[in-house]
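After this come two complexes, each holding subunit A, first together with subunit B and then together with subunit C.
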Partner chain A sequence: MVSTRTSIASVVTLSALALGISLFTGTGFAASLVIWVAINVLLAASFRFVQLIGELNFAIAGFVGLGAYVSGICTAKLGLPFAVALISAALAATLLSLIVGFITLRTKGPYFMLISFAFTEVLRMIYTQIEYIGGNSGMIGIFPPVLLTEYYPTFIVAIVLLLLLALYQLEQSDFGKVLVAIRNNDAIVQTVGINVHLTKVLCLAISSFVAGIGGALLAHANNVISPGDFSFLLAVYTLAYIKVGGESHIAGPILGASILTLLAQVAMGFGPYEHIFYGSAIVIAVLLMPDGLVGIIRKFLKLAPKTQVSSRH
Partner chain B sequence: MEIFGQLFLNSLQISAAYILFSLGLTLIFGVMKVVNFAHGEFFGLVLLLIAIIVPWLNSPALPLVLNYALAGTASILVTMACGWFLYHFAFKKFQRDMVGSFVLSVGLSLLIQGLFLEFFGGVPIKLPDLIEGNMHILGGAITTQRFILTIIALIVAATMCWLIAATKLGKALRAVAEDHEAAMLQGIPYQKIALYGFLIATFLAAIAGALLAPVTVISANVGSDFLIKGFIAIVIGGLGSIPGSIIGSILIAVIESVGGYYFDPSLATLAMFVITMLVLLARPKGIMGNG
Partner chain C sequence: MTTETILKVDRLSRRFGGLTAVSELSFDVQAGEIVGLIGPNGAGKSTTFNCVSGFYPLSDGRVTFFGEDISKMTTAQVCHKGLVRTFQHDSLLSDMTVYDNILIATFSMIRSKSERERRVHETAAILNLSDHLQEIAGNLPHGLQRMVSIAIAFATRPKLLCLDEPLTGLNQTEVGGALTIFRRIRDEFKISILLVEHNMKAVMEICDRIVVLDHGVFLAMGTPNEIKTNPAVIAAYLGKRA
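So, the complex of A and B:
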């Protein structure tokens, strides 16, 4: 396996590289591409965090949408500073997820999947009914602060890197181990005196905090948001990133989101094949690559030393 | 009183379609422990095929009823073949893997919807009415064709319930749903029963599609709407439970017709969601779920 020092070095190099690239993109198509990749990576990492407790959280699209709308209202309607918008978006998503999670996380497996799916669709429907935020046609004029305009891609990449690091640290901590233990056997976790229900709610809240920020960043990058942007499809695309990348390591969502987002741009060049593209990505990944790209890389890395050992004998 | 009659009729016709749809979903879940997100695509495929075949067969020599019957039968057969294909090349490997099979079916659903859009285009189609005229029952009005189609749907649903309750195949399906290992120890061929369960569910979705063809506006993503309602129905009723899916469907249909009448349709959907949350708070595995 790769030693800790090399992996830290490679993480630092890659982060610096990502930040460097984002600095030179300007404000054209390349900048949009960097922003899309960064935000999709963030959403995939947030989705995967709830997978640590073994649940598929389709409500992520709902929380991203909430973050986008709350931040949009803050800057475009109320004229508040961008920082306030970002924090309100994260807090709003966290707060709602605490309430929703407290009720829905009593269920698990297919029940939670379906309820989280319904939650996303209901939120989307509520947006279409509110005149203040533009109803069906959505909100316009959500701009990042003038000071940031030129460096907005860099700003997003920096925030995404910070949040990824935080999520990774959490996963490695004792709290993260409890989450995985809940996935493996929640009854045993309960017997050692850990409140499984509240831990799960907390896990969802952390993931939704990240999703809320993702939504705010997205809204200010696109300048325009509408209810259709935050349908259940957003969660399905996120799932595609994770399935292609692999879910056993945080590198999976990063890899999957980057590759699929870039490939999707190429595919879109041929026509409106978004559904077919993401659909077949999921089907191929699930049928042929059980642990995604990470699994393939892992196999490759582990096989290499083994053949060396056998050749010595 | 007239309003009650009307609301009753509306609930009846909506619930007939939902029952057929959610019976299939719950059957697949019970037998294979698969949450089939692509179930709506079977329904959509039948509708789209009928929308192509009916105008194609249309001629003065052929009565419209016969035309619908031919188109319906052919479409149902094609859809069942697709169901068989999907079972063998995809779902079979993911039996009893709830998360894996769900992810797979989400991907399949997206892929199939994309293909539908590609082949059938995005323009909604409305087929000609099968039978003209209206009827008055209990003070409410209903078109004759809707009434007849609803009755047929209810008969199909009742037959299915009888099949599951009384026949040997039905017993095997229930035994497998309860405990597949114990069922295998009793000599029930699990793989075969799983395939039958999946095909019966496909057939139910297909026949729901065929029955709704003359009264629905057909488009490539027509299945999605039914899918969401169907899922809510079986979550309320309890995944895998046959009576639960019927209770859930009726509940959803009543909320939809009553809420849609007194308020507006989106508020009715919101009410459905709130009621689902309340049910799950009291019974995390649905009304008829175990445990």
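So, the complex of A and C:
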């Protein structure tokens, strides 16, 4: 077992490293890479949070899109401060997820997955029909505040770290255990007085709050958004990050999203065959490493103490 | 001796399409009692449990708990009223530790985290699970898994504990241990118990009264001695002489 102190030390070191790197990236391609990695990590962590109750939430793409469009409207159309845009995006995604979750989370498994998939696609089609937000061609001119421009990667990394920490704390809490218990056997959770349906809705709302912020950060990083950015493919990519990284620990989405986002830069060169990259990543991960990279690391860490003991003799 | 009726099942019926699983069943449980609900396979015992605990809606009839109608309540609401059940199959959170299994049961009942922890340890001690708290429940031997499923329900400190075949698959020593625990739960915590069980020896030994069901219909109710000698019960279990 890795001691708590070692875990905290490594988390602090890695966070400081991430923040440090982001400070020196400037505004070029390196900066974009840092931003993409950070946002994808955030989305993967949000997607995984709903997996705690055993559901694959393809609606994440819808909520990211909603966050992006709401924040874009706030800053580019209404001229509101960036902070207001960020909060509005998170609240809009949370509110809609409460309604959608309340209606749809009575289903589970493949049924919920299909409904969440449909939700994402419906939202995307709605964006294409609204002239105010640019219809099919999307919205332009979504910029972060001038003061932040140079440090935008650092700002994003900081927000992502904060949200990851919050999600991790929630997962470790008794509430987090209830979520895992629902995935394990929801009938038992009901018998001990817990309203399973509302707990599931709350889980989706927390995840969507994070997804909304992710969308707002993404919109202000790319400066341009269009409906196509928020199709179900976004959810598939996110699923790929988690499958490669591993589901059993929050480090999984962090690892998976970081590695795949960086490798995807190579895959961009494949042109229309780019999607094969993500598809094969999922297939390879499922076949060869059922608990992703986290599982491999776990195995290594479990073996390590034994090796130490034997080397003393 | 003054007795108080805590559970009253009044002409409960449950139909699945054309099949009547339970028909016009009435019985009651008094405070401090251990009541057995027995009957051959398919008699409707588990269906009755599911109806009483809010898992299935009733087709007809009424269930009252401490005088309050609980027929339309959800399982979670029924639990907060003080009625908790266990399951015959899949009766625990198999991927989680024994500690977390019991902890989940305290989540909606107790606010304070330290109080929850205290409840987990107290519950585990009574069910002889203290040495297994950090083990994954699904990896435990069958006998201990049965105890975990009872611990989950008992950790909510209900007023009525409904146990669905808690002794299935236990050896004789384990059955003896379980019966001691049931008595202790009843005597120390003033929790009444409604027991569905096939182990007749155990049922006769522990129950104050027994309700017999056959093909979803009430057959008899009485003390173990009355039930043992009831001709209708003997016929249902052993068949009629030709």
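Following the convention adopted for this analysis, the second predicted complex is superposed on the first by the 300 of 313 C-alpha atoms of A that agree within 3 Å, B and C clash if a C-alpha of one lies under 4 Å from a C-alpha of the other, contacts with A are read in each partner's own complex, and residues count from 1 in each chain.
Methods note: contacts are C-beta pairs under 8 Å (C-beta built on N, C-alpha and C of every residue); 3 or more make two chains touch, one makes a residue touch a chain.
Keep in mind it's a predicted model, so treat the numbers as computed, not measured.
Partner contacting the larger number of subunit A residues, of subunit B and subunit C: B. In the superposed pair of complexes, A:110 makes contact with subunit B only, with no contact to subunit C. In the superposed pair of complexes, A:80 makes contact with neither subunit B nor subunit C.
By the touch criterion defined above, A:21 lies against neither subunit B nor subunit C after alignment on the C-alpha atoms of chain A.
If you check the complex, the residues on subunit C that touch subunit A are 53, 55, 74-76, 79-80, 84-87, 90-96, 100, 103-105, 107-109, 113, 116, 152-153, 155-156.
Chain contact summary for the complex, subunit B toward subunit A: residues 29, 35, 90, 93-94, 98-100, 102-104, 106-115, 117-118, 228, 231-232, 235, 239, 266, 269-270, 273, 276-277, 280-281, 284-286. On the subunit A side of its complex with subunit B, the touching residues are 54, 56, 103-104, 106-107, 109-111, 113-115, 117-119, 121-122, 125-126, 128-129, 233, 236, 239-240, 243, 272-283, 285-287. Only residues 174-175, 177-178, 180-181, 184-185, 187-196 of subunit A touch subunit C when the two sit together in their complex.
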